[in-house]
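Heads up, the next two complexes both have subunit A, just with different partners, subunit B and then subunit C.
Then we have the complex of A and B:
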């Protein structure tokens, strides 16, 4: 398959940048280290700009919904008004000023915490109904483990539960940590593999 | 004629087969749009209808997205699966019968009511049933590190959690933050999340109210605000903190106080404390900041869900984490062991209420098991089955 010149240009830029940053950590050359720092700083600035672009895109999408009346347009209007108000307050009062913190404390925190609290109820209902849909040993082990962790997390002064506590500790220290180590190793290998694929040009996420 | 690849399992079948030899799935015929690309040949026409007028910004199905790209049979199968999933999202599911809907809603309302009622009762009535949680070795290690800090020691505190987790994370971190303030450490606050700086201000002010020693900026702490760039941003910050964050969240010049004006590298801090609910964020801090700290300790306050992923870093030799406080239980154990500052009624929901809610959750699960077992017994009585419980 023939590659367009622009694709080749992108490929060269990506591989060269990756190699410079990688070699900058291995080879002790001041010029290479300076270039590496410059590239990493650019990456941080671009990532910061991506947040702004994301906000602008969100506003644009909701502006379209408001300007072309559709069902649910009122929610988009509410979002735009809330954004403008919060933005103005943060600009005038600084992001950590008392007015900004008032909005944060009495609007954003309750909304987000309430949603998470609903998740706890939803999960309990899901567990309650799980065995109706699938009654097997795996489901019982799953529910048994969840009950053990929940009950084992509390401490009753009059009731000594050494077996329960020991079992909970064993579950958290042995199978859970073993699984976590496996996940971490998997992530590490995955990151190396992805890096090698991008450095060799096999993976080109920048082409869109 | 070429052999035909099964889209389900990838097995190569003889051309005259209508079903796969391995998995038994039906094999596409010559008329199928997918069939045109079998054996690696290129599709002359994408399966979607591309005759509709093109609107900028819209993706016209999978065909529009892929154009004339050559797809392997496995990719075709994945594409088809994705299309089915997306189509399923767009269709309204057939509403279940009214009695079932009512039963589900009743169950939701019942479970929610039980939990809320128990929490309210336990808040109104003092419950002496539950003992405070025990101090784990990793929490003890964190406490010893804070005790060893001299007055005015510069400490970097990262507030990297979502506002939704404020209930758990503030409870987990109040003790260690109050301890740092009691040790008169100079706090430098930072966050890799846009909401982090506001969370930091709220928590510092709240602890000041509970303990009676309100910290003042910039004499006792500085809030550097949001640090963009994820792992890259952290990396630069660790090497050149002045360059990356020259001003505070309020726009004032940072690093002017005598406790921090000599800090030119992350290892110049006496201790780094990261408060996070997310294992990925925790991993990024350990990987980017940990190796640069030298002999300076790195301590984490994590949510209960992130703790199992972070635990191996504490348990490893050499340690990559020198202290770990996990969840509400860890925070409570820290406060109880340090014998100070916050009592249950001041600092959020009491431990007994939290414990009671956990027991209520466990009881609801046990009830679910019993109800399911009874229902299953009734079903087996009405229509006997041959097999027992599925493995």
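Then we have the complex of A and C:
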């Protein structure tokens, strides 16, 4: 496939910017360090603008749902009204004002906390479903370990379980840490691989 | 000279990066001679990707869509890599499924990631020569905090007849809510993340979970480009090098040389 001229331009910009930032960490040249810092600052500004783009996209999609009546349109309407109200309060009262903080403390925080509580129930149901779906040694070890950790962390009055607590500590400090480090090393290699593919222009998520 | 003082994090990092780049290029040019996609499957089969490939075909046959959640990790820092991998998977999946009756739905929890997802969707439709099938509403930012993102994406999952729900990107434990929503709608749920809490939650809630670095092999297993396959091969060799270095370190430590 022939590459479009604009794509080549984007590719050159992306690779050059990536290399400047990367080399800025290894080569001790003041000019390179200044350029690196400038690029990182631009990236931060662009990321801020991207949040605005994200919010506009969110509003656009929900506006479409409200304007073309569909099931669940009421939720979209609620979102649009909540957005307008919160936006007006933040404009009038500033984002750190008492009204803005009241909305954060008494609306957003409880809603997110209840989702977290819902997640606990969801996971409990999922564990039983997992046994039904995939009854093998891995599932049994997974569930057994989860139960041991939970019981070992629970305080039961009048019940002293030093063996269980030691087992829990050993599980957390030895196999869990070893496994987590192994997974993190793999993820680290994956991150390097992704970075190299972007830097060499093999992956180009920006050429549209 | 003291070995540990000389081997600073920067030097190690540079060596790691250069080794990977060298291996990547060796395999990239070697790839042009022969495909080892089949070899890769035989060597290390990842069931999640095999099922995903089948599901894309089934979605087109059944006239149902696919939902792809690319997470809320953004592009800044180390979490950005998972987002970028999800975009390369999105490109392949959209290219394969965009000729069906239902367009794939993409949800994300970050504006920058959503902008790149929009670009990726355009590219996929352009490469498949069906640009007219593209809809602006198929790419949504459903919330900008992890849980608000999950709450919004759950509605998208429950809203329409979908064949499968793919979670690929940076997630936290909120991934459990998304997987559960897919399960409730009788969709196949395939999930992978770079976060440890998300991986353990996904193992319990998803039909197929991508553990460890399996997410980063997504491009190669979905047959994206030669570079992805070269990258997986280079990753494997680098992993063996790290294992040997760790073992050497253990032996040297036991011998009292470190």
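Before moving on, here are some points about what is shown:
The criterion applied here is as follows: the second predicted complex is superposed on the first by the 184 of 208 C-alpha atoms of A that agree within 3 Å, B and C clash if a C-alpha of one lies under 4 Å from a C-alpha of the other, contacts with A are read in each partner's own complex, and residues count from 1 in each chain.
Here, a contact is a pair of C-beta atoms (placed from the backbone, for glycine too) under 8 Å apart; a residue touches a chain by one contact, two chains touch by 3 or more.
These numbers were taken from a predicted model, which means no experiment stands behind them.
Using the contact criterion defined above for the overlaid structures, shared-chain residue A:116 touches subunit B and also reaches subunit C. By the touch criterion stated above, A:43 is placed in contact with subunit B and with subunit C alike.
By the touch criterion defined above, A:170 reaches neither subunit B nor subunit C. Contacts of A:102 after superposition: neither subunit B nor subunit C is touched.
When the two complexes are overlaid on their common chain A, residue A:9 makes contact with neither subunit B nor subunit C. When the two structures are aligned on the shared chain, A:183 is found in touch with subunit B and with subunit C.
In the superposed pair of complexes, A:87 makes contact with neither subunit B nor subunit C. By the document's definition of touching, both partners, subunit B and subunit C, reach A:51.
Of the two partner chains placed by superposition, only subunit B is touched by A:150; subunit C is not. Applying the stated touch rule to the two superposed structures, the overlap between the subunit B and subunit C interfaces on subunit A comprises residues 1, 43-44, 47, 51, 108, 112, 115-116, 122, 125, 127, 129-130, 180, 183-184, 187. Residues of subunit C that touch subunit A in their complex: 10, 14, 16-17, 20-21, 24, 28, 74-76, 78, 81, 84-85, 87-88, 91, 108, 110-112, 114-116, 118-120, 122-123, 126-127, 136-137, 139-145, 147-148, 150-152, 155, 159, 173-174, 176-177, 179-180, 183, 194, 196, 199, 201, 203-205, 207, 211-213, 215-217, 219, 225, 227-228, 231-232, 234-235, 238-239, 242.
Of all residues in subunit A, those touching subunit B in their complex are 1, 37, 40-41, 43-45, 47-48, 51, 94-97, 100-101, 104-105, 108-109, 112-113, 115-116, 120-122, 124-125, 127-132, 135-137, 140, 143, 146-147, 150-151, 153-158, 172-173, 176-177, 179-181, 183-184, 187. Across the interface of their complex, subunit C is touched by residues 1, 25-26, 43-44, 46-47, 49-55, 57-58, 60-61, 64, 70-72, 75, 108, 111-112, 115-116, 118-119, 122-123, 125-127, 129-130, 133, 142, 180, 182-187, 189-198, 200, 202-203, 205-208 of subunit A. Of all residues in subunit B, those touching subunit A in their complex are 70, 104, 107-108, 111-112, 115, 129-134, 162-167, 194-195, 197-199, 201-202, 223, 225, 228-230, 232-233, 235-236, 239-240, 244, 249-251, 283, 308-309, 311-312, 315, 329, 355, 358-359, 361-362, 364-369, 371-373, 375-376, 389-391.
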